[in-house]
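Shared between the two complexes below is chain A, which has chain B as its partner in the first and chain C in the second.
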Partner chain A sequence: MSLQLETVGLSKTFAHCTALDRVSFRFAPGRIHAVLGENGAGKSTLMKVLFGLYPPTSGEIRVGGEKFEWRSAREAISRGLGMVQQHFTLLENSTVIDNILVGAEVCSALGVLRRSEAIAQLEELLPMRHLSVPWDALVRDLSIGQKQRVEILKLLFRQAQVLFLDEPTAVLTPIEIEEFFVLLRKLRDSGRTIILITHKIGEVLAVCDTYSVLRQGRSIVQGEVKGAVAAEIVEAMIGRTMPDFAVARPAVHGQAALVTRELRVGDAHAEPGLSLHVQRGEIVGIAGVEGSGQSELVDALMGLREFHGSARLFDEELQNTSQVRGLGVALVPEDRLAQALWLEESCYTNMIIGLESAFLKHNIFKRAAIEGTTAAWAKEFDVRAGDLLAPVASLSGGNQQKLVFAREVGGRAPRFVICHQPTRGVDLGAIDLLHRKLVELRNQGLGVLLLSSELDELLKLCDRIYVFYDGQVSGEFTRAQFNRAQIGAAMTGVAHA
Partner chain B sequence: MPKHIYVTIVSLFIGLALSLTLATILGENPGHVFLVLVRGAFGSATDVGYSLFYATPLLLSGLSVAWALQAGLFNIGADGQMTLGGVALAAIGILAHDLPMLVALPLALTLAFLVGGGWGALAGWMKARRGCHEVLTTILLNFIAYGLASFFILRVFKNPESQGPETAVVGGGFQIGALPQWIGGTSPANWTLALALCLIVIYGFIMGRTSLGYFQRLAGEAPQVAARAGVNIGRQTILAMFISGGLAGLAAASPVLGFAFKAREGFTSGVGFIGIAVALLGRKSPLGIVFAALLFGALTKGALELDMDTRFVSRDLATVIQALIVLAVASQVGLHNLWRKVTS
Partner chain C sequence: MIVDLLMSTLRLSVPLLFAAYGGLLSERSGVANIALEANLLFSAFTAAAVVALSGQLVLGVAAGVVASALVSLIFALICIWGHGDQIVVGTAFNLLAAGLIPVLNKALFNVMGSTPALANTFHQTWPFFALALCVLWALHFLFTSTRHGLRLSAAGENPAALVNQGVDYQRVRLRAVVEGGVLAGVGGVYLSLCQGSGYVRDMAAGRGFIALAAVIFGAWKPIPTFFACLFFAFTDAVQIQMQGRSMGGVELPNQFVQILPYVVTLLVLIIFARQITAPAAINDSSRRR
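Let's look at the complex of A and B:
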């Protein structure tokens, strides 16, 4: 059974805005489709309408040629649709097999779980034997790539014929991405309809058969990837041509900013620890598979975790968070929602976190000063919020991240910047702006430490890259030595000569 | 009107309706029960005064729990903090018996705040230092507080002329006067009510406009963000539990200095626990707390009449109604979805 999914003139209006405006797309079975668009273009609304979470205002959804109206996600699932969210929805402390069976239990007449029977069914389903997952392992012990595979298996076990994948590669390493593409092609060849929601043009060209572009709620174009040019697709997405990223990077000869010597946090870093240095006027990247000790390094530098060894910034030993902040450190943390933003509060309030003292008089906030000053920062960093009084949670990922930059860089006037996964879940336009800002800061003579799992980002921005593997430095490359294959090898622990 | 206000109102009706259904099953006429409740709570100036009298400590214990909630902490220990605050009020009123009111009351109230606050801060310190969960420690500290209170009431400040478990009477300067007759009739409603309302206004201002409230809320709602901005979370936790405990300590002012003029064993009658319901029903907002405390105070007073005017239900129906309202509020997500289904 293979299903064609089609939208005909699909519109969705909310009280004040049109999120989808007569969207007509056709997703044929046995193909991989990319749905592209900037944040706010309507991708997630489209997915929610297709998935039965929102009723459409007008237009039709057709599955396998027949018109279908569903009122809940459960109905969508029963018709063979399945979705892998960007943030996994797995029970970390349960086994793989139990995660797959939750809600679709295989039971005996007495209600006893028949795990072995379920495993046999799954092994049948699995398109490739070597992509198997250890069924009895706890989910928390799996790699990110394996967790994603569990999510997909959950859908396959529920007989999903149409698979939606929301930004699936954001959390994967280059090697995991390759494996993931192999899996996608296998699923395609089994006749399933794969719909990939993504920002990354490279992926579209690498693995997809068709691309569908949404812009401001309208379906701009749907076409074959074969023969398409990247620049055309980007232009369809953003409505203009993307300027080349050619920012001058004059050599800035600065003294040492950050120097760590044998820094080690608990078990996260191997003996003898990390010895790194960042000069002023230099962007230093940390490449590596997630969980190789990057988060612990950032926490140690920010004074959030105790460590062995030494870390000196501008010749001062780092001790605690307020001292680190006092030295002029800006931080763009890895987990935007938990670590950077106060989700219940307005954009205004979020832009003064850590900078409160400038806006207080006798311990009472000066509202007018806050609104005037932060509005200027928001403008400088192109934060697009209809109303800055709105809760920050209502902004798109890209605008949230620009707001964090506006606070940390615009508000703080920092002397050193730590950026951890700055462009995760951020649209192309915002990425371009943030990248330019980082190079500008470097050119002004600031030291920048940039941790990212996107190798392309590091190659584009950095003057020097350290590669982490298993809590230690497995390679160091200057810009002249940048080589994707060698850095990739160092990420898997192969020392470079 | 925001949706959550609808939800709260619906919860009230559900709680009341279920309780009256229960009364009907027990053989009462629901209309009659409802009438008795309303008449008992609002029938005369004295009835209103009693409702206000019961609401007064609830305003403060509700405020106490709400403050801790703002900082992301669940203070189950308001009852113990209030108990110790009351003992402190009685103790200073006996030891400094002859002080004039202008000195006596500020001194006593400050002491009650410090004692209740110290007891709360102890739980805060254990959380900041060792990560002990405040729900656990505050519950356990309640029992220690009750034990300490018994010791002071029965051994140290015992009234030698009384058979009951109570302290001697506090000095005249420590006694808080009753509200004028046109408000409270001949009830023991007293000026602590005005103090409580002032504190609630101040609470609203602190949470909305000042750095104190801002940092308390930031540490509570976004602790990882606060830590990265250089906020000392442990210090905020201790401070929050200190202020919360202090407000609970002040809740003892009305029963101890405004009514009995002495501390009796068990004088809180569980007010510290009902404060949790007040704070949750009032959703931590100043107006909400006032509304919830007045409602619960009126329910308590109204239900007293049930003992005399009905055959099959007693004053305990008030507790049932309160519990059902809290249950309905707690299941508001379900109610909300139900509401959406009904209206769509």
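Let's look at the complex of A and C:
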């Protein structure tokens, strides 16, 4: 059974905006389709409408040529659709088998689970070695790649023929991504329709058969990947050409900015600890699988956690957060929603968090000054908020991140910048701006520490890269030594020669 | 004396156990339930009032359990579909129990404090304790081996896992809370028809909260929760035995002895609560939408 999925003039309007505007796409079976678009282009809405979580305002969905209207995810599932969301919806404290079963339980008339029967069904279903996961393991003990496999197994167990995968590689290491692509091709060859929601052009070219571009809720183009040019796809996505830029090299002033010696935080870093240095005028990258000790390093540098060893910035030993901030450190943290923003508050309030004292007169806020200054920052960093009084939660991820940047870089006039995953969940336009700003800061002689799980980002911007594995430095590469394979190997703990 | 202490522990554990079971079901499904006190009070009162008026014990038991289930139903509707903050709504229910029951009592029996003393009550504790053991086994089975248990835990850990499967997690929660209300109702019935003979004002005396502490101490799992309840009941039994006794010639004021179970509960929570993780999605309904 293979299903062709088609949308015809599909629209979805919310109270104040049109999220999808007459979208017409066709997804043939036995192929891998990419649905591309910037943040806010309507990719997620399209998925949710196709999956029955939102009813469409107009237009139709056709499955195997037959018009279908779902009223619930349950119906979509029973028609052979399945979805893996970007944020996994797993029960961390339950076993793999329970996670696969929940909602589609194999059980007796009285509701008693028959797990062994379910396992037998699963094993019959899976000739693919790639998918094996220990059934009785707790999900919280699995690697991210394994968790993703559990999500895919959930779909296969429900006989899904059409698989939607939302940004599936965002959390994977380069090696896991390769394995994942192998799996996708196998699923495709078994006749299933794979729909990959992504914004990474590289992936589209590597694994997809067709691409479909959404922009501002409209279907812009659908075409074959074979013979397509990356630049054209990007242009379709953002509606203009985006000149690529390369960092014009020399900067690196040679004076030390940050020097750590044998720094260790709790159990996160093994002996002997991290000995790193960042010079002025240098962007130093930290590559590595998430959870290799990056977050702990940032916390230690920011004075948020105790550490062993030493960390000196501009020849001063780092002690606590206010001292670190006083030395002129800007931080763009890993999780902007939890660590950088006060979501319900206005944009302009968010732009002065930590800088309040500059806007006080007799302990009362100087409104006009705040509004004027923040408006200027918003302009400089291209923060597109219709109204700076609107809650920051109403901005897109890219604009939120630009706002954090505006505050940390524009507001603080820093001497050292720590950026942790600065472009996660951020659209291409914003990524471009953030990258240019980072390079600008470097050229002005600031030290920049850039922690990212996007290797491409590091390779493009950094003057030097440290690779973390399991809380230790497993490799150091100067620009001349940059090599994707070797860095990738170091990320999995294989030391480079 | 040891035998007395143990028998007393068993007797005192029954209301804690049933209230804790009720709390366990509700909390595992993602609904923080501090209204257990209200469940106990309403069911204890209703059971005693019905027995006082009808003379029928069985009718009283049924009425007490139904009253508690109704309390839970309303609580669940407000929290789940009304997106009320579960702690605030729970507090309101406890206040409601403290205020409404005396009013009803006055209307029915023309006194505020208590129902008339009942001639007809249960004399034996063991059937209730045996039932508590059966329910323990049933809960353990529910969580380890049934569809309802799996969905209930999912609703408490990550409702999105159910939403994506087209399962209405709010209904799963509603069912769990009401089932919990039924169980807690048995605890209330026991208070007025077995441990006491009739309803006395505030007779739950914080047992709903201690039961909740037992659920936390028991890491939201049936068997550890059972033992946590026994432990708290034991401190209560010790407290009763110590009353009026002198320690090395000094007689402790009763008030100091009586606070023992509460102090122990506090200490246990202070010491252990840090290491115990609650169901991840607990009290999330007010944040959703």
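Simple rule for what comes next: the second predicted complex is superposed on the first by the 488 of 497 C-alpha atoms of A that agree within 3 Å, B and C clash if a C-alpha of one lies under 4 Å from a C-alpha of the other, contacts with A are read in each partner's own complex, and residues count from 1 in each chain.
Just so we're on the same page, a contact is a pair of C-beta atoms (placed from the backbone, for glycine too) under 8 Å apart; a residue touches a chain by one contact, two chains touch by 3 or more.
All figures in this text were calculated on a predicted structure; none of them were measured in a lab.
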| item | value |
| --- | --- |
| Partners on chain A (chain B, chain C) - clash or fit | clash |
| First (chain B), second (chain C), both or neither touched by A:Met302 | first |
| First (chain B), second (chain C), both or neither touched by A:Gln85 | second |
| Touching partner for A:Ala338 - first (chain B), second (chain C), both, neither | first |
| Touching partner for A:Ser322 - first (chain B), second (chain C), both, neither | first |
| Which of chain B and chain C A:Leu360 touches, first, second, both or neither | first |
| Chain B and chain C footprints on chain A, overlapping residues | none |
| Contact footprint of chain A on chain C as seen in their complex | 145-148, 150-151, 153-154, 157-158, 160-167, 280 |
| Touching residues (chain side chain A, partner chain B) in the complex | 302, 304, 320-322, 324-326, 331, 333, 335, 338-345, 353-354, 356, 360, 363-365 |
| In the complex, chain B residues that touch chain A | 209-212, 214-215, 218, 221-222, 224-230, 232 |
| Touching residues (chain side chain A, partner chain C) in the complex | 52-53, 72-77, 83, 85, 87, 89-94, 98-99, 101-105, 107, 111-113 |
